[in-house]
Amino acid sequence: MIVLAMAIFPLIYSLSISFMHYRLIPPMPPRFNGLDNYAKILGQARFWSVIYTTSVIVIFSVFLQYVIGFAVATALNAKIRGSSVFRVLLLMPMLIAPVAVALIARMILNPVIGPLDQFLTMFGFPDLPFLSNKNWAMGSLIAVEVWQWTPFVILLMLAGLQTLPRDVYEAATLENASKWRQFWDITFPMLLPISVAIIFIRIIESFKIMDTVFVMTGGGPGIATETLTLFAYQEGFKKFNLGYTSALSFLFLIFIIVIGVIFLAIVKPYVEKRS
Amino acid sequence: MKIGRSFATLGLFFWAFITLFPLYWVVVTAFKAPPAVNGGPTYLPWIDFDPTLQAWRDIASGLRGNFVGTVTHSTLIGVTASVLATAFGSMAAYALVRFPFRVKLGSGLIFFAIAMGGYLVLLNYGGLSRSNSMLIAFSAALVVAVLVNRMHLPGPIMGNEDIVFWFVSQRMFPPVVVAFALFLMYSELGKSGLTMIDTFWGMTLVYVAFSLPIVVWLMRDFFAALPIEVEEAALVENVPSWRIFVDIVLPMSTPGLAATFMITLAFVWNEFLFALFLTNSKWQTLPILVAGQNSQRGDEWWAVSAAVMFAIVPMIVMAAILGRLMRSGLMLGAIK
Amino acid sequence: MTNISIRNLSKSYGDVVVIPGINLEIRDKEFVVLVGPSGCGKTTTLRMIAGLEEVSGGEIWFGERDVTNLRAGLRNTSMVFQNYALYPHMTVAQNIGYGMKVRKVPKPEIDKAVRKAAQILDLEAYLERRPKNLSGGQRQRVAIGRAIVRDPDIFLFDEPLSNLDAKLRIEMRSEIKALHRRLQTTIVYVTHDQVEAMTMADRVVVMRDGNIEQSDDPITLYEKPANIFVASFIGAPSMNFLEGTITSGEGGAQFQTTDGVTIALPANKWADAAGRPVVLGIRPEHATESSPTKTVVTMLVKSVEPLGPHTLINGTVAGAKFTAQMPAGTSFEPGESAEIHINLDKAHLFDGASELAIR
Amino acid sequence: MRSLLQKLALGTASVALSAGMASAACEPNYEGVKLTYITQTGPYIASAIVTAAESWSAQTCGTVEVVEYPWSELYPKFVTSLTTSAANFDGMAFPPAWAPDFTSFLSEMPAAMRQGPDWEDIHPTYRDRLMVWNGKVLSQTMDGDLHALTYRIDLFEDPKEMADFKAKYGYDLAPPKDWKEYLEIAEFFTRPDDNLWGTAEAYRRGGQQFWFFFSHAASYTNHPDHPGAMFFDPDTMDAQINNPGWVRALEEYVESSKFAPPGSLNFSFGEVNAAVSGGQVAMSIGWGDTGVISADPKQSKIAGNVGSDVLPGSTDIWNATTNEWSNYDEIVRSPFMAFGGWQAAVPEFSSNKEASWHFIQHLTSPAISGKAAVTGGTGVNPYRFSHANNKELWADLFTPREAEEYLAAQVNSLDAKNVALDMRLPAYFSYTEILEIELSKALAGDVSAKEALDTVAAEWNSLTDELGRDSQLAAYRSAMGL
């Protein structure tokens, strides 16, 4: 009951003020203004820019997380010596606070004191603008997301892999199917349902990416790497433009649900074909 | 076969390097003196820089904030919240797996309409405070919705799957707004005499509430994978439901519980925004302090690294302990 | 004193009717086996008796008690599951004693009961082991032990032996039978293995598609199957069926298969069935090298299975699949024709339309 | 520690306080009083408060608990706490730029504190301008902040460099007097092959970027005859930020980034300090911290060679009233009071206002603050005459020459006739966010300086309208001391 109240109150509260003009700084009394907030947001180039940025980060990073995570999980599952040690070690990034991860990333990517620049300079690529060029900054953000959350995919895919029956593989081996074919014909289809669940969770969580961007690029250069939640954060906690922020949040919610439903709709036929 | 395996090993080592190098970097940086950091990258202690304990001495002396206090707070709140969330979430997940629920969409909508409408009306016209109007509107909505659910209603009926989806969709809402709304709610509760801000239970409750969706989502899958016969065996023996859950279901899902507990604890341990708004002096948590090392006057990487290590090490220790639990082959003997 | 009375019991999941409605009386201390192919509703029936499945219609009575809507735990039954369903985190002793512990039976009593059960089931050496360290047969015995200490009114077994290897299965069969003699408790036992059913049961209930096809003691079932389904299900190898009609000719009635093979019938036998399509059923053991009725059919041999005591030959008679049981040492080559003697005294005749036995 | 403090105390003008400290405990008696102070996570500022709290405790028997929040979250924390009165803290340390959003929740400084030698000892730029809001003193400066120039003496006085420079540019190599020289010197020293660059400034969005830009702009837009007209027209509240003075400043700010180390577009002030103390740049502009950090051999590779000077100036200043450049014969220095230091204040809802103000008085007393100013890591820079006058204090930190230049740069900036005040306005973050975004775009080369500033001006004006032009104007005039 309490839990329900806590979960629902924020929803109700913010829905109600999303129809108001309400600023805490400078103090202004709330004033009902209908859909003005929504109209204003939808008409703002910045909103579409952050939608685009966030989507790009989410799509690329979740895709890479899944591919790498799946590959690593498969490798771990292959009973390689020391894989139990790997298992714990490889999970570590997801246990670290995103703020801390972003700080670490800034340290590594620092063009002057960071090791990565020195490493790449040895290969003849000095002074890459990791965080100060638009495209590089996006790439860096995606890389950090992948670094932190691939372990999540590894963990769950590994759990999934362990549920697969061994005899199917034995049967396939007898039929002289290559490892590669076995993977595509058995492993991948059988893990499709759990894969969908994992990707779905990652999409939802990735859309909320904020700390990483905030610490690494601050949304810059310009607004090139600004994400939805960072935008909402700036509006909400720097400007205390609460009505606007709430409206933004609801658009955000709608957007995620749309993306989620589209994703599920796309993969559904494939999943159902399996079961 | 052999080639494939060494290939996989090679790939693993490569990924392990990518994973571990940044962590190694944190560790060595935490023992560097400022010039060893600012002068360009240095890699090996004693060889290309002289390790120093300065950053740790700063932390120990309290110069960089109250680490002992925040670690204690984080541990207490994190463990309690994770235990409670895992407990409640498991129960809910178990119920959702084993018992079919049917909630009519209509009654859900009615609940929301009354809760929201009632809240707004009472707040703006009823002259009540936020907490009171919310409490009243909320209880009324719940009662009406439960009653309505028994009647015949047009519209689709939501089954367990939909309930779970609704649960998880809570996680979709941007935390920024949620944090502020919760802060408002807590401060109103504080005015009506129930201090929630900056209290142990206030924080714990928030974390329980916001960990539940993930716990339910994860535990649901684990419970669904359990052989139902084992529970039926107990059912036939006239074991009460709660004892089946406690004595049989929970022990059988130890690996899942361990994983879930770990994920929950990691979430609570690292959570930042709620902690920022809902704590002051008494129950400030570690992430606030770690984030604070990224100060306005510049990044003192040695201090940041030491602080980050403070935050990571307990998690790693716990991961190692729980990792053991997660690998247990307990299920083997249950069936077949 | 527990007899079970099942009245008009039905079960459906949404629109899917699994059991349209069955009636069954089980006497006190009777060992009843529900048998049938998978999906026939036998397990569902058992689970409804146990209370693990809600009843869609009808009633279940245990003696004077209406248990139709009573929850499982209050029916005082014990159930042994196909997958053993042991509590993996408890030792053998804890597994067996858990139910008593929940019922707050004093510890010494639990220990005593556990030891007694272990003794009966030869489990004494394993009491402190966890299920995963036991063999399949031992696990099954633990599951049974758990059921015994309950001292139930009714024992329910859900295909308990299907996960065991053949040798163990035969051993456990007699153990369960011995147990029944010793405990004198009503047992309802579900299996898809007709041999298991025949060897163990006081009475076998053959089910198909949610209906009871026949409910009789094993010998009756074997000798007087009520219909084609029961006839084919009971007995191994399965009964041979020849479709055709009975015509009355000179020298008495004869059976004529659809593609023209004629078998003369003994005088007056089945004469009243003349004129309609029928199915003649002959068990392989009644199709052999000689027969009192001197009826001979020609069989096209396809394969030969020397089993030791006798040799089975598979092939076709009049286009229909046919198996004959010949004495040991008989040799045929696939492709040959064989003269098979059928004992028509032991043959069964079924109505072609209703599939019911014609006696 | 104790004896050091006493020695310090004797060396300063503060007689009353040192006497109090030396005498018996609990004077005044605040036994049982527990003050809660909120500020950013240490050590900067927070450690100064913690240290002062120890001596205050010893003196008054009261206790002070310091609660620290990350810098980036401090503002929202204050706003939410103040507007809902949810938190129960007794004091807060914050930058003056935020003050306009807080003033209605702050208590006024007790009159007794606003007199006497300690009061007169505070530099008037702080005392009479930044601490005052609508004629009331609502806060006490506890840290002085302004931008100054830091340069490497070893490079600037190297005979070969000097000769080369003279040959190339035709004048002597010395700390730049105007921004043209600044850029030329930066260009001269930009030698990527030697891991040396000309200058470093903060260019990162959310990384104190706009203050550096303001430092450039002050020289062209802070007109001596029209005080307070730098950011907005003090009569109409129209944004001035796209006038030719500002555009020129932005062009030069963008230009300077080309002579900064790689990746500098992502530099916050922290990276600037790292670059300076790591010996990668010939000079930089920024707050006093740069000098303190660079002079510390434990943190710096250029210790002993840290030169300081006032920010460059200009002979041309845009006159926004007449819409033309005013030309001066001599270079006019318009040192910029970037950020304006940290201030301490007592919220109106505190239940220990008297004790809290007493603690602030203690914290900012010449003895305590003098010690803090020369302690690395406190983040406290000079804001009292006594801080700068007592050069012995600085001897531990700097070489004599370094100390002299450092203090001169600080004092001369504060004393400069045309000192430029930082922008202070309600909804400060809404204004600076707009600016930061456009600055980033201009730095990235996506838009020209003029386009960027035109956008800023337009959005500032519409923001001002949304927030209420009259109230914003009144607040702005008050902030600029008009």
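Should a chain be cited, it is by its letter among A, B, C and D, assigned in written order, with residues numbered from 1 in that chain.
Assume a contact is a pair of C-beta atoms (placed from the backbone, for glycine too) under 8 Å apart; a residue touches a chain by one contact, two chains touch by 3 or more.
Since the model is a prediction, treat every value here as computed from it, not as a measurement.
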Shared touch partners for chain A + chain C come out as B
Contact-pair count is greater, between A-B and B-D, for A-B
Separation of the C-alpha centres, chain C versus chain D, in whole Å, is 93
For the pair chain B and chain D, the C-alpha centroid-to-centroid distance in angstrom is 40
Chain centres from averaged Cα atoms put chain A and chain B apart, in whole Å, by 17
Chain-centre distance (mean CA atoms) for chain A and chain D, in whole Å, is 38
By the touch definition above, chain C meets two or more other chains at residues none
In chain B, the residues touching two or more other chains are 37-40, 180, 184, 291, 293-294, 299
Going by residue number, chain D touches two or more other chains at 72-73, 76, 80, 271, 274-275, 278
Per the touch criterion, the pairs are A-B, A-D, B-C, B-D
Residue set of chain D touching chain A in the complex reads 72-73, 75-76, 79-80, 83, 100-101, 104, 192, 203-207, 261-266, 271, 274-275, 278, 280, 426-427, 429-430, 433, 436-438, 440-441, 443-444, 446, 467-468, 471
Residue set of chain B touching chain D in the complex reads 33-35, 37-40, 58, 62-66, 180, 183-184, 186-187, 190, 197-198, 276-277, 280-281, 284, 288-289, 291-300
Listed in rising order, chain D residues that touch chain B in their complex are 36, 38, 40-44, 46-47, 50, 65, 67-73, 76-77, 80-81, 84, 86-89, 195, 208, 268-275, 277-279, 287, 289, 298-301, 377, 379
Given the complex, residues on chain A that touch chain B span 1-3, 5-16, 68, 71-72, 74-76, 78, 80-81, 83-84, 86-100, 103-108, 112-115, 117-118, 147, 150-151, 155, 159, 163, 179, 197, 201, 204-205, 207-208, 210-211, 215, 228-229, 232-233, 236-237, 242, 245-246, 249, 252-253, 256-257, 260
Given the complex, residues on chain B that touch chain C span 227, 229-230, 232-240, 243, 247-248, 251-252, 254, 329-336
